[in-house]
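First chain A sits with chain B, and in the next complex the same chain sits with chain C.
For the complex of A and B:
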């Protein structure tokens, strides 16, 4: 029998208060399968068969700000049919989900993206349709993509800054009545008006493979492609979160094409092909009117005698000059300080 | 020629004229522009360094810092152009005009005048450097008795000539890459970046180690020499660094009996060793200014 004394009341009150304060603040709204009933708890996790800790918490606010916010959990996790469920299989991004693409009125899937990818430089087959070596190295959806968040843009009086324009929303509300739809549509469209990732973020993703020396060697690629990009002004500015500088995709993807359609520089249609690369820098958004010679700039210079002999010697010259100036003067300063400590000491005396 | 007295006496201490107001203004301009260039350029040279983002943010980050850098670079370039005109004007007024008055004007005479100017490197610098090295290595107790401009000062003066040409040239190529690559291959930008970046590091370290040691951290001047502000060098530094020139100025001012012994010496004043004709009262007045203690 429960005895209600002061100590018990205090303990219960404290426990209730703690539950209220520690419970996630959001309430599942669009979660039709009621998955957040369990997955709303930040500590929800398990150790999988491989001994790895798997965090199973879903932050509803973050999910609602992502491009997949309207996709129901079970649209991707198709093997989950009951609650509580068995360990879920990995999500197949080519699964047809229940979102309807408005222009075709077909259910949406990423199959078209996969088709693009299969014909790109990252596809599993080469230009002669022969299987490439080391297919395990080639990227699939989740090697590059997570669940990206919307990055809405406010455009007002020619001024662009991150966020949602209230003035624009006011115009949307004239015809559209549901704010949820307005926000979602606004987010979708304005996020697509620019890049969903910063140049730094994109370079980091490419670096996962292209700065892996062993992987690059297996595929005959130049090593440390992203590292060398980081040695240029573009790469350095990207590190300082400048979003105006080009990232890997801006130069390696043909204009008007998706990143999933990237071609090898050996392909005569590729923008990076020797015959076409003059157009890369001179586009309207970068260096309008620039000569094709500008693209002869080596974006991936490496300190390598065989690949860049002249640049190698130029760098050696300046390094040599720096050392030959600084080391002697530092020696002189040391000796000067020492001499000042013993001003009257000398092996020879003035006559 | 400077209108300032060569020696100023204040509170009983002698100060020796070194730099005119226009020279000091040029020094302050180059110093401030180079400091700004270093502070806004080094974060790009070392973007991964932990201090780089904070330092860059101090100058407005990636949107503002490059603008400040280019502005400081333009100021440095304009100063360089001004200095070239200043040199040309000095050659004309201090060399060409006197030669013309003497009816001795010729290209050879002008060239000779330029090559023997106190700021030009000379064999004496090699001799003084060797003497300095011997002194540092305790092989001599006699430091070199420096001329008007020592080998250190000539190094400080001529090194930026090379540095500014490299930095401004490479900076221009990177800034106006669209214009430059109309005529030459874009690969020149790679070389410009190497030159700009590595020369900047060399110049910055040279200035902040060598120059700052000589004008700030050396025990003779710590915490700071004031000649770059006042234009006048205190007597003890004049003796330490420019003893030959000091003796010459003191003689010209008729102050032989007050000449201090050479650096590293414990002897009495050396007036007796250096007889010189005393200047007239009028010339002494023009050489010595300020209050005599």
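For the complex of A and C:
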């Protein structure tokens, strides 16, 4: 029988307190329609008529770590009015949802993003408002975006590391009482203080089109834009998950503008335009005070004799030279070690 | 001893030298060769240029099947989320099933076999992720019917303890349910080693068999399969459920959900209003 002495009561109280304090915050998804009754099952899936896998599973924990955690399922899947429902239609990202933007107190929608995109280099019309060729190649929302996940940051005594700062949460709780609000607000703000994707992930997304040789050829683009970025110092660092190096968007988007407002380098307002690109490297966050000439180096050198003869010959010379010198040296070293291993071995027959 | 250590040291140095030679080749001359090859492929693609998109969009096996298996890693800082990449899929999956290496049905039918009845296909596949095919598609009759069901491990095929624990994500188990039959007084799982071996032998020798031999083999493999499978309502019911949820290790609160009014009511809606043909599978499809 359990004896309730002071020590036991203390232990139980401590355990309960620890459970309450250490338990992860419960942030329920906006599942008012009880969609997760079925969609919480990882196996909920089918192969469609075109042979594509349709995965209908919603991972609640991951969904709750995303920027859309508070959006109700039916706010996006507007055609679903009953359960069981018919196959869902394609979601229109421009649909107005029930989230209210706090400063304008208007219902939220991505219409502004569509407006930006239509005027950008990725828009369906060119600068003369003529329809571009191969509009099916141009990106729509889901070509670049999946559900954006929070990447919270902890800032403590000027040290920044990934994750949530417990010290900061303590300060939030002085005024704010709901943990769900505190976590969401913290995640939202600290995620927006930096990039929602790592430079490597951003490059991978751009590469889906810009490293597609056929797509690039159809639009007269450099065929290996992201591959060539990967050949540079910045690209190598990005590959090793360095978050400090510039990714595609840092150079190709005008300062203070959204990624959806990216302009062609031919546009005189574009930061990548020949007359403006000196400002790219010299910005405060990268190389403050750097000469505009720093931006004159070829960021996307192609291994192509016609386009980049200097880079081509330099690469062939240095790589060829390095390989031709080091490989024979290593070969000789190997033979020397072999001799030391078998000092009396000989290919000739002994007389 | 000293001589042995010295030889070992030399051997390690030789291995290191070879390793370095491979690395140097990769970053110098090998890289040049790769660049030339890549350039050639790019030029070929460039030559295709505009107007030939239709030709390039021809669905190849590589595009349709193999490229669907790409994976992507999201670097979130505090964790790396690695998952299957599906073009145009918005929601993160963040979950992987281990392949079911024991089930012999999926060798031919795949692990998403349900696609005939529009209203049922995704639910069928969902259940197939934690229920062995024979559980629904084999109706044991007479003395063979035991009412015994157990879990088998997807990887090893061995009977294991129930993976359903309080707090486990529903349906995300590394095990599946398989029925047991009684033959000559002996309790045995329906997917006996003989049946598994027969099906595997068929797959192995399929290319060499004549059409008649194939038909015979298929008939024998499917001999135990019932024309009318068990349906949703056979398990999702408060009384007389086919599956003994308690014995299968389901906590009472999970059982309550499985047989809840929400689930049973939804099945009722399906069967009565949306898809009465579920009661007569196959008939309406043929019509």
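Keep this in mind: the second predicted complex is superposed on the first by the 289 of 351 C-alpha atoms of A that agree within 3 Å, B and C clash if a C-alpha of one lies under 4 Å from a C-alpha of the other, contacts with A are read in each partner's own complex, and residues count from 1 in each chain.
Operating definition for what follows: a residue touches a chain if its C-beta (ideal position, glycine included) is under 8 Å from a C-beta of that chain, and two chains touch if they have at least 3 such contacts.
Fair warning: this is a prediction, and the values are worked out from it, not measured in the lab.
Colleague: Counting only touches as set out at the top, which of chain B and chain C does A:284 meet: first, second, both, neither?
Modeller: neither
Colleague: State whether A:330 touches chain B only (first), chain C only (second), both chains, or neither.
Modeller: In the superposition, A:330 touches chain B and chain C alike.
Colleague: Which chain, chain B or chain C, ends up touching more residues of chain A in the combined arrangement?
Modeller: Higher number of touched chain A residues: C.
Colleague: Figure out whether A:175 sits in contact with chain B (first) or chain C (second), or with both, or with neither.
Modeller: The answer is neither, since A:175 touches no partner chain.
Colleague: Contacts for A:340 in the overlay, against chain B (first) and chain C (second): which applies, first, second, both or neither?
Modeller: Both partners, chain B and chain C.
Colleague: Applying the touch criterion given at the start, work out whether A:241 contacts chain B, chain C, both or neither, answering first, second, both or neither.
Modeller: Touch status of A:241: both partners.
Colleague: Per the contact definition in the header, classify A:319: touching chain B only (first), chain C only (second), both, or neither.
Modeller: In the superposition, A:319 contacts both chain B and chain C.
Colleague: Just checking: does A:348 make contact with chain B only, chain C only, both, or neither of them? Give me first, second, both or neither.
Modeller: Only chain B; A:348 stays clear of chain C.
Colleague: Quick check on my understanding: which residues of chain A belong to both its chain B contact set and its chain C contact set?
Modeller: Shared contact residues on chain A (touching chain B in one complex, chain C in the other): 241, 315, 319, 322, 326, 330, 333, 338, 340.
Colleague: What residues of chain A sit close enough to touch chain B in their complex?
Modeller: For this pair, the touching residues of chain A are 230, 232-233, 236-237, 239-242, 281, 287, 289-291, 293-298, 301, 308, 310-311, 314-315, 318-319, 321-322, 325-326, 329-330, 332-333, 335-336, 338-340, 342-350.
Colleague: Flag every residue of chain C that touches chain A in the complex, lowest number first.
Modeller: 7, 10-11, 13-14, 17-18, 20-21, 24-25, 27-32, 35-36, 38-39, 41-42, 45-50, 53, 56, 64, 68, 72-78, 81, 86, 88-95, 97, 110, 112, 114-115, 118-119, 121-123, 125-130, 169-172, 262-263, 266, 269-270, 274
Colleague: So in the complex, the part of chain A that touches chain C is made up of which residues?
Modeller: Residue list for chain A touching chain C: 34, 37-38, 40-47, 51-59, 61-63, 66, 83-84, 87, 91, 133-134, 142-143, 145-147, 149-153, 161-163, 197-198, 200-201, 204, 213-214, 216-218, 223-224, 241, 243, 303-304, 315-316, 319-320, 322-324, 326-327, 330-331, 333-334, 337-338, 340-341.
Colleague: Show me the residue ranges of chain B that touch chain A in the complex, using the header's touch definition.
Modeller: On the chain B side, the touching residues are 43-44, 47-48, 53, 56, 61-63, 135-142, 174, 177-178, 181-182, 184-187, 189-191, 193-195, 198-199, 201-202, 205-206, 209-210, 213, 218-219, 264-265.
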